[in-house]
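Take a look at these structures.
Here come two complexes built around chain A, the first alongside chain B, the second alongside chain C.
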Partner chain A sequence: MRKQIVWIAVFLALLLVPALKLEGYYYRTLSMIFLWIGLASAWNLTSGFTGYIDFGAVAYFGIGNYATALLMTKAGLPFFPAVVISGLLSGAIAIFIGKHTMKLRGAYFGIATLAFAEAVSQIVLEFDRTFHITLFEGSHGITLPIAHDETFFYYTFLVVVGLIVFVVFLTDRNKFGYALKAIKEAENSAELAGINTQRSKVSVYAVTGVMIGVLGGINAYWLTYISPLDVFSVTHTIHMIIMALFGGIGTVFGPVIGAVVLSIANETIGASLLYTYLLMLGVILLVVVIFVPSGFIGLLSFRRFRK
Partner chain B sequence: MLRIRHLDAYYGDVQVLFDMDVTVGKGELVSIIGPNSAGKSTLLKSVLGLVKAGRNHDGGGIFLDGLDLKGMNTEKIIDQGIAIVPEGASVFPEMSVYDNLYLGGYTRPEQIKEMMKQVFGMFPRIEERLTQKAKTLSGGERQMLCIGRALMSSPKLILFDEPSLGLQPSIVLQIFQHIKRIHETGVAILLVEQNVFQTLAITERTYVLEHGRVALEGRSEDLIDDDYIKKSYLAI
Partner chain C sequence: MSLLAVRDLKKNFGALKALNNVSFDLEEGEIVGIIGPNGAGKTTLFNVIVGIYRPDGGDVVFKGKSVRNLPPHRICRTGITKTSQVVHPFLTLTVKENVLIALMFGRNLTKKASESKAEEIMEFLNIADVKDMRSTQVSLAKRRRLELARALGTGADLILMDENLAGLNPRELEEGMEIIRELKKRGKTLIIVEHIMQAIMGVCERLIVLSYGEKIGEGLPVEVCSDDRVIQAYLGEKICSV
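Presenting the complex of A and B:
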């Protein structure tokens, strides 16, 4: 319980940060950290809890980006309704994809999701040229209306990401979460315990799709310019995986810690010493995967256990 | 309670069960014995909807209290009041003993506390290990956990798939005693076993399966004196 109180206190303190009237750079950096906390946590909800490692999560990020951009620029919808519809669209697509891919196990699921993300990226990139219409604007990308001030995005990301982490927290403790963890441990035995494994997997995949889609929608309006090569980049998925692994895959707060540490490292070391940072990241990951597979959170539990 | 009538079962296109007739009455303890690949485990999988089952006769199929289980998903079948103790004491290894039991009561969450008390009454050692990861338990304790997990859903019928497999003789005796005790509480049991002597000693009726067919059936106390059983399964 004390741990939860600390996290609630951190959230409340973050709500008060804009009162400090900081420079725009700090809001942008914090918003970027929030975005990654949300993405890593949403990815972790499906892949960390069920063990189905999704290599195509960026598809929903890109879909969220493009859906919001199109709804705002072509349909003239305001930001919030556009983001909500984008999230629901991502979720609906995730249900369709999940129904077919989540029957696959192990590496086959990973490959299928990776192929799906690449396919969506190519569709967005080539659609206009193939059908001679102007919709996704190909590699030129889409420019969105000029956004509100930085504190608007700071609060939007903070509240949405707070909700995502809260959903992961609740899932970790409820009956549905037990079902997901049982699937990860032994899917056949989970079925014999009376769990509808396919429905559970598709449901959680859809929730992840909604979460990542909403984050994509906010990202589009925040950046005001999106292109397929940026928002569908596979490196986004890799970052989600690395952050969750670093902090502790399958835990509630592991991906939060992983996203904070690696986002700050990326912003500081990565900005000035890119290759050193990438090398360092590789070494850290090797060490984590080999010696602390349960991540930073696992390391803390181990230390507590030793005491 | 459980009526299997004129059942055929297939792995892909290969037929493994032929015109199978098996019945387990309410509160009855029935066993299925037979050599390897006779179709014993396949029969249990058919009941749970895990194997493609057909019926080669009108009115054939698998019925639980008159309800046709054909076409039902496994979790729906489990929800009708069937539980299984799977082969090889397969637990959720990284989860705690408590979590394993909780998952046993997944379909009956309102009864979890009450059922856990009953399980602890039967297996005090499991209660002592409640916070341990299931993978840290011994083979016998794991089997007790599997039986406890099956009891958590307060089932009408428990299917046991070779519960003595890989356990030392003293633990096997304990496991058979537990099965008998569970039966005495009124739960129907269908026990698939290779340990023929012990099985015939505790069960009421037995089916002998060979090559996917029922080769012999009868009261267990009669079969234990049957010349064919003595020669083929008891090596007497």
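Presenting the complex of A and C:
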């Protein structure tokens, strides 16, 4: 219980940060950290809880980006309705993809989702050239209207990401969460215990799709310029996976910690020494997978357990 | 009307006929044993009945309705589940959480409503002392009980027990047999696959013998185990006399 109070205090404190009237750089950095907390947590909700490791999560991020960009620039919708529709669209696509891919187990699910993400990226890249119309703008990318200041995105990310983490928190202790954990541990036993495994898997995948889609939508308006190679980059998926693994896959706050630590590392080391940073990521991944498979959070609870 | 009617059940794995026209009936409250050599199709029969495998022919009728082609969770909710030969608990969850999951989903209860029933089931199966341990940390005997606890948790009327007594010491075995008798008193219907003839003879009211996917015998335990075909196919020697 004390742990929850700490997290709520952190959230409330973050709400008050703009009162300090910091420079724009700090808002941008914090917004970026929030974005990654959201992405890693959303990824963890499906992959951490059910054990179905999604290597194509960036697809929903890109779909969210493009849906919001198109709805705002071509349909003239305001930002908030555009983001909501983007999230729903992303979730609907996740239901369709999930229905077909979540029958696959282990690496096959990973391969299928990776292929899906690459396919969507290629479609967005080549669609206009193939059909001789102007929709996705291919590799030119899309420019969105610039309208808001830094604190607007700071708050938008903070509230949305707070909600995402809260949903993960609830799922960790409710009935639906138990279905997901049972699927992760022993899928046949889960069926024998009366769990509709297919529906549970597709449902959680859709929720993850909505979350990542919404984050993508906010990202598009925040950056004001998006291109397929950027928003569909497979490194985004890899970051989500590494952050979740580093902090503690399948836990509520593990991905939050992982996202904070690695975002800051990316911002400091990654900006100046890109290759050192990438090398570091690789080493971290190896060490975590081999020595602390339960991640940073697992390390903490293990120590408590031994006392 | 019988509780369960298995009709001409067929299941092939490639050219292997794992089940070939197996038929039998089961009355409510019966304890029926299935015996037969390794590879006879006992576990396959269970997996077809609970919906893990789809049959290639025949039908499974439970409470008057065909459950053929239903997924396992639907079959579970109509009232059939099984305990597995190789125990597959939800490993990183506690014993209690394992039982809670069966109660929540098998009977469609809330988490709160499941709590007291879980305690009761764990008490009955004598695993309440390890309820907060992870299921990886408990002994094989208790893990087998946990399988049974999950099966009871789902509220199934018919429980298929696949070698739930294997690998237990004599005292645990005696306890296991006592639990089976108690389950019958509570109105459960059981099909038991077991190699320990002592246990089979001690609790079963009727035996079905499978060999190479076919039913080669059925009847009272004493009749079946003095049947020459059964002795030849499985028992090897005469272990009882009429």
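The rule is short, and it goes like this: the second predicted complex is superposed on the first by the 306 of 307 C-alpha atoms of A that agree within 3 Å, B and C clash if a C-alpha of one lies under 4 Å from a C-alpha of the other, contacts with A are read in each partner's own complex, and residues count from 1 in each chain.
Simple rule for what comes next: a contact is a pair of C-beta atoms (placed from the backbone, for glycine too) under 8 Å apart; a residue touches a chain by one contact, two chains touch by 3 or more.
These figures come from a predicted structure and were not determined experimentally.
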**OP:** Answer with first, second, both or neither: which of chain B and chain C does A:Leu125 touch in the superposed model?
**Re:** neither
Original post:
Between chain B (first) and chain C (second), which, if any, makes contact with A:Glu191: first, second, both or neither?
Top reply: both
**OP:** For A:Met32, select first, second, both or neither according to whether it touches chain B, chain C, the two together, or no partner.
**Re:** neither
**OP:** Identify the partner contact of A:Asn174: answer first if only chain B is touched, second if only chain C is, both if each is, neither if none is.
**Re:** second
**OP:** Name the contact category of A:Ala182: first (chain B only), second (chain C only), both, or neither.
**Re:** both
Subject >> Common interface positions of chain A, toward chain B and toward chain C >> reply: 175, 178-179, 181-182, 185-186, 188-197
Subject >> Partner chain A, residues of chain C touching it in the complex >> reply: 50-52, 71-73, 76-77, 81-82, 84, 88-93, 97, 100-102, 104-108, 110-111, 150-151, 153-154
Subject >> chain B-facing residues of chain A, complex >> reply: 175, 178-179, 181-182, 185-186, 188-197
**OP:** Using the touch rule from the top, collect the residues of chain A that touch chain C in their complex.
**Re:** 174-175, 178-179, 181-182, 185-186, 188-198
**OP:** Using the touch definition up top, name the residues of chain B that touch chain A in the complex.
**Re:** 48, 50, 73-75, 78-79, 84, 86, 90-95, 99, 102-104, 106-107, 109, 149, 153
